[in-house]
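Chain lettering (A, B, C, D, E and F) follows the sequence in which the chains are written, and residue indices restart at 1 in each chain.
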Amino acid sequence: MSEVAGKMSIQEGAKYLECPMMGRGILLGGVPGVKPGEVLVLGGGVVGTNAAKVAAGLGARVIIMDIDLDRLRYLDDVMPANVRTVHSNAHTIRRYVQEADLVIGAVLIPGALCPVLIHESDLKLMKPGAVIVDVGIDQGGCVATARPTTHSDPTYIVDGVVHYCVTNMPGAVGRTSTFALTNATLPYALTLANLGYKRAARQDPGIARGVNIQSGRITNRAVAETFGMEYQPLEL
Amino acid sequence: MSEVAGKMSIQEGAKYLECPMMGRGILLGGVPGVKPGEVLVLGGGVVGTNAAKVAAGLGARVIIMDIDLDRLRYLDDVMPANVRTVHSNAHTIRRYVQEADLVIGAVLIPGALCPVLIHESDLKLMKPGAVIVDVGIDQGGCVATARPTTHSDPTYIVDGVVHYCVTNMPGAVGRTSTFALTNATLPYALTLANLGYKRAARQDPGIARGVNIQSGRITNRAVAETFGMEYQPLEL
Amino acid sequence: MSEVAGKMSIQEGAKYLECPMMGRGILLGGVPGVKPGEVLVLGGGVVGTNAAKVAAGLGARVIIMDIDLDRLRYLDDVMPANVRTVHSNAHTIRRYVQEADLVIGAVLIPGALCPVLIHESDLKLMKPGAVIVDVGIDQGGCVATARPTTHSDPTYIVDGVVHYCVTNMPGAVGRTSTFALTNATLPYALTLANLGYKRAARQDPGIARGVNIQSGRITNRAVAETFGMEYQPLEL
Amino acid sequence: MSEVAGKMSIQEGAKYLECPMMGRGILLGGVPGVKPGEVLVLGGGVVGTNAAKVAAGLGARVIIMDIDLDRLRYLDDVMPANVRTVHSNAHTIRRYVQEADLVIGAVLIPGALCPVLIHESDLKLMKPGAVIVDVGIDQGGCVATARPTTHSDPTYIVDGVVHYCVTNMPGAVGRTSTFALTNATLPYALTLANLGYKRAARQDPGIARGVNIQSGRITNRAVAETFGMEYQPLEL
Amino acid sequence: MSEVAGKMSIQEGAKYLECPMMGRGILLGGVPGVKPGEVLVLGGGVVGTNAAKVAAGLGARVIIMDIDLDRLRYLDDVMPANVRTVHSNAHTIRRYVQEADLVIGAVLIPGALCPVLIHESDLKLMKPGAVIVDVGIDQGGCVATARPTTHSDPTYIVDGVVHYCVTNMPGAVGRTSTFALTNATLPYALTLANLGYKRAARQDPGIARGVNIQSGRITNRAVAETFGMEYQPLEL
Amino acid sequence: MSEVAGKMSIQEGAKYLECPMMGRGILLGGVPGVKPGEVLVLGGGVVGTNAAKVAAGLGARVIIMDIDLDRLRYLDDVMPANVRTVHSNAHTIRRYVQEADLVIGAVLIPGALCPVLIHESDLKLMKPGAVIVDVGIDQGGCVATARPTTHSDPTYIVDGVVHYCVTNMPGAVGRTSTFALTNATLPYALTLANLGYKRAARQDPGIARGVNIQSGRITNRAVAETFGMEYQPLEL
């Protein structure tokens, strides 16, 4: 579902940049003769990659940030020319947040809370009417001022910056999401059905990593740390 | 402003394809493993060209139609690979409307009403939850069931098809539109201010074409025909 | 040689879509104003990737299918915009086979027979004059009705569908194939010549996997399964 | 139909470069590690432009020649990176013919014979097994050794060079060609039917240029010159 | 030769941005993780178009400015995604000059002096070590502080900004320039040789425009105005 | 820093191909109507990949060579259409060196001397005025005639071929290089500071590989071999 959320994040951002939505009144792609908008994507994983592709497709100038240099190299190889990679650290985030019309929070760490990358004080540096879409809101989000919203009331404003933090974003494009989810989960489901969870987890490390609880014990390290509980390895 | 409206039309269409907006629940760009949406753009002028570019950038499969073969050739030269040109006629329109998730009405004839290209009976052939954005609504629109809406209440539904027919679409991205409008009109304004309208119209045929009324006479042929009045050539 | 076969498969398919070859009379790339052909590539490995690239280059609309989601993501990153990835399963294959003008069978499993993905009953659903090129024919092919043909008599017709199932396709472009084969095999040959097969296999797992028989025992699992014989691991 | 012929010319050339077809045994697109074929397109009009696009799409290295510098500039703007423009003259033609694996004759002058650009002596300089496709064969062709062939016996060999000179090439992809032809001619047909030829020719210079004979007099200058007859202007 | 100068201007600019050349020490294309340089191209004609293409190819972020909206639209259609078009006026020039690492002066008006677009006061707003390449220096240049330099001593510094204003830039790539010049001029030379200048000028308006002096009278309006002399139309 | 050096190598090569720099007087990108230059990049690692991208961006025809077929396949997937991959061996190097206007030596083996790929006798086969940039000069270079030069006196000529072999190339673009270096090294520095070298090396194999000497013993195999000393594994 990360791909759906990543692609949607730009569509939503573009929409809420409109004046009637309290945004800056910017068309992300610009037009011939008028400079396009600036999009900052925090995180170069599946969510961020898909967000950057769509933003580039709309015609925006895009910066995608990550801490993994090999990932930045790969992105540099495959992204369109209007996407640029920048190494992520406190200094670069603070700098580019100020230039951005749209910021996408795309930092998701499986089973753990997102680190906070944009602090409340950063909002005052941002352009009035800029938009933040925090895709990781289900895991706390990477923006200090993010709090969950819904499809029926998706945005709120802090310091003049529009926040879009809808949980379960892919639900809005149910048809596409259903196919995507089925594609991603069907092979696991078949393996589990055919082998039972123990044999399945022995055979496929991906399934093993997916077992969070076993007989009352927390068997996923990130989950255990998040809830301050004891981690115990999976027993097969 | 045509460029702004053309680019916005896809953003709006993408938004209203979402389930909470009563659309089909389709993500236009698809995701890896799930086929993207189909976009049909009626008209290959400035509006249609910009709409097609943005739709292609989102990752959709796009068909752009026009009756001018030279224009189709040019579009074939410069458009991304997921945009295909098709010659526009009653037969091809009817065929591709049925396959489309999003239809953009981009047929604008300066000073005249749009021809009706999509008839009420065509709606029944369309997919339920498909979206029509009729950019030419200010000139009547090219969809029989189109009627003007506003940014605060932008859509209505006929036969299961979402209609977005907001007049003055570019108003929603006022910042971008203001720059675009100024770019386009400033040279004319300077010429008119420096020369007066008669000398300006003699020197620049574009200005001459822009004179619709002179001393009570209709001097623009399209305007005269639309209102059933007599056309008289401009006197300079 | 997979790359050669993959690229050739589209050239051959394009040729046999011509009327004098009993095909549908379709130009794969279309022309400005006329929609291009639809190509379905079954399998996203080396053969399928090269087939999809060439089909996209000709201007066709291409769908490439695979069961591996990570591979689909990579293909989504690097393929031209007119190639779309779709998750492969019985349902999606049956659906897109009906829309295709050209189907490429590109499912090759090293040392094993291809699984049958297109059944005889599917042919009746296909467009008359559509073409199937089954690149995996040397390993049985993934089309139920595929049987080996030759460069001198390359095609036959079943249920109106042209079948091209030439074994050793790369032989037709001997000059290119010779260079390609030498590039791929020379490093192995040098290693074998320098070290002998045992030390070479110990050092390079690729060579170890290439040893099918050792002292009369079948040491490749896929080969053993295909012929219903006992598999025994390689002894080094 | 020029677009159809231009696109087909590369497909045919690719096919007849195969060994069983007496060609060099070259795969036009090459494969990773093996250099692609060289394609020379003589003429940058509609035929040549479409040929160059398809050849580039296959992955070949393409040179397109024309004498019109503005046309070369436009082609440089819109062609893929593996197409290069070269100014056409006797010197450059002779040079690049020697490097080419495939030569496309795409020089068509409406109503006139093609100029001869490749002379019999040039064939001896070409690579053995190279292929020439002369699209202008209906108007004599631009290759001295070209003579008309048919879809059932399409090629012959002179000095080791395969000649493909099928007249009415688009006939082989009848379905695509019919749509293309209808798109291009329908507007003229409607105008002629509505207005009669005299009023139609007065109104549309394209129709006027299409009138070759009027009351027994030759009214098209190129036709008159070709047949050594007197040219008389059209009387309307 | 404009194409040669346009392409060279970026190569020279990239070189003189190096520290040992007194530039900012910026690599125009950036690298994965580090933002690329900003290039501002003043003028969207042949010089500017080629400069923008090369700058984009290096990986820089490029803005190209012109006052002609139709030209900007065309450039928007054909330029890579990292080139953006901006309408040129005193306000936008002043704004983007401050952000630029490299400024290309590409405003050439045939036979007339360049207008001054960058004033001495603008230099103080620029980044220290930024580079200006003024391609129109042969016609006075569009930068107030530009004065002609040579290939052997190509640059000087004003207010910390490196100026490269070599006259006859294409001379440095004599081999390429000779071919380019011959391509552009040969057709005119042949026409003049075959017809004499009077008949040639009657037949080809391009040649007519090229006649600057006839029997002691100035027959080119721009030349006449530049030198404050009387313009008299060409007599044929 | 490899990325910086790779990108710079083409800028330098382009500059020294100019006549005043004793080069061939070739503009790498060509112009419409004149063929571009040929660039040969030896090595498909980070240096070579970046060099090839920039050369392609300038508009040159590029060949990139490597011995690793998987790497060539990846490059074929992500490189622009004017970059072609060729398998590297003595035969292909010798062939393409003769056609090249610019050769980039991009063969770097961590901690070891470069192998010599271009021999003194090859220079006589090269075009007069061609340029060689040997990026691996700090490790001996892959060109037999390479010897270190400096930014203040960067080139010398052997057999008519310009050699650019500046050590520490990235120093010339200090601003970009500093950011790039910090991005690449900061994570290692933080790990080392937090954990000490032993725990850091245990945790991160990249750090372990970076330990060349431990308590007077050579712990890096390539370094040991280069200096003919004994290699001893790292003790943690």
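Rule of thumb we're sticking to: a contact is a pair of C-beta atoms (placed from the backbone, for glycine too) under 8 Å apart; a residue touches a chain by one contact, two chains touch by 3 or more.
Quick caveat, the model's predicted, so the values are computed rather than measured.
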Next item on the list: Could you run down the chains that neighbour chain B and chain C together?
Entry: A, D
Next item on the list: Indicate whether more than half of the residue numbers at the chain A-chain E interface occur in both copies; give same if so and different if not.
Entry: same
Checklist line | Of all other chains, the one whose Cα centre sits farthest from chain B | finding: F
Item checked: Longest centre-to-centre distance from chain E, chain (CA-based) -> C
Next item on the list: Provide the C-alpha centroid distance between chain D and chain E, rounded to the nearest whole angstrom.
Entry: 36
Check: Using CA atom averages as chain centres, what separation in Å is found between chain B and chain F?
Finding: 51
Checklist line | Shared interface positions of chain D, touching two or more other chains | finding: 3, 30-34, 56, 59, 69, 73, 78, 87, 179, 183-184
Check: Hey, which chains are touching each other here?
Finding: A-B, A-C, A-E, A-F, B-C, B-D, B-E, C-D, C-F, D-E, D-F, E-F
Check: chain E touches which residues of chain F in the complex?
Finding: 3-4, 7-8, 11-12, 14-15, 17-21, 24-34, 50, 53-54, 56-59, 151-152, 171-177, 179-180, 183-184
Notebook entry, point to check: Across the complex, what residues on chain E touch chain D?
Noted result: 3, 46, 49, 78, 179, 182-184, 186-187
Notebook entry, point to check: chain B touches which residues of chain C in the complex?
Noted result: 30-36, 56, 59, 61, 63, 69, 72-73, 75-76, 80-82, 84-87
Item checked: Residue ranges of chain C in contact with chain A within the complex -> 67, 69, 73, 77-78, 87, 89
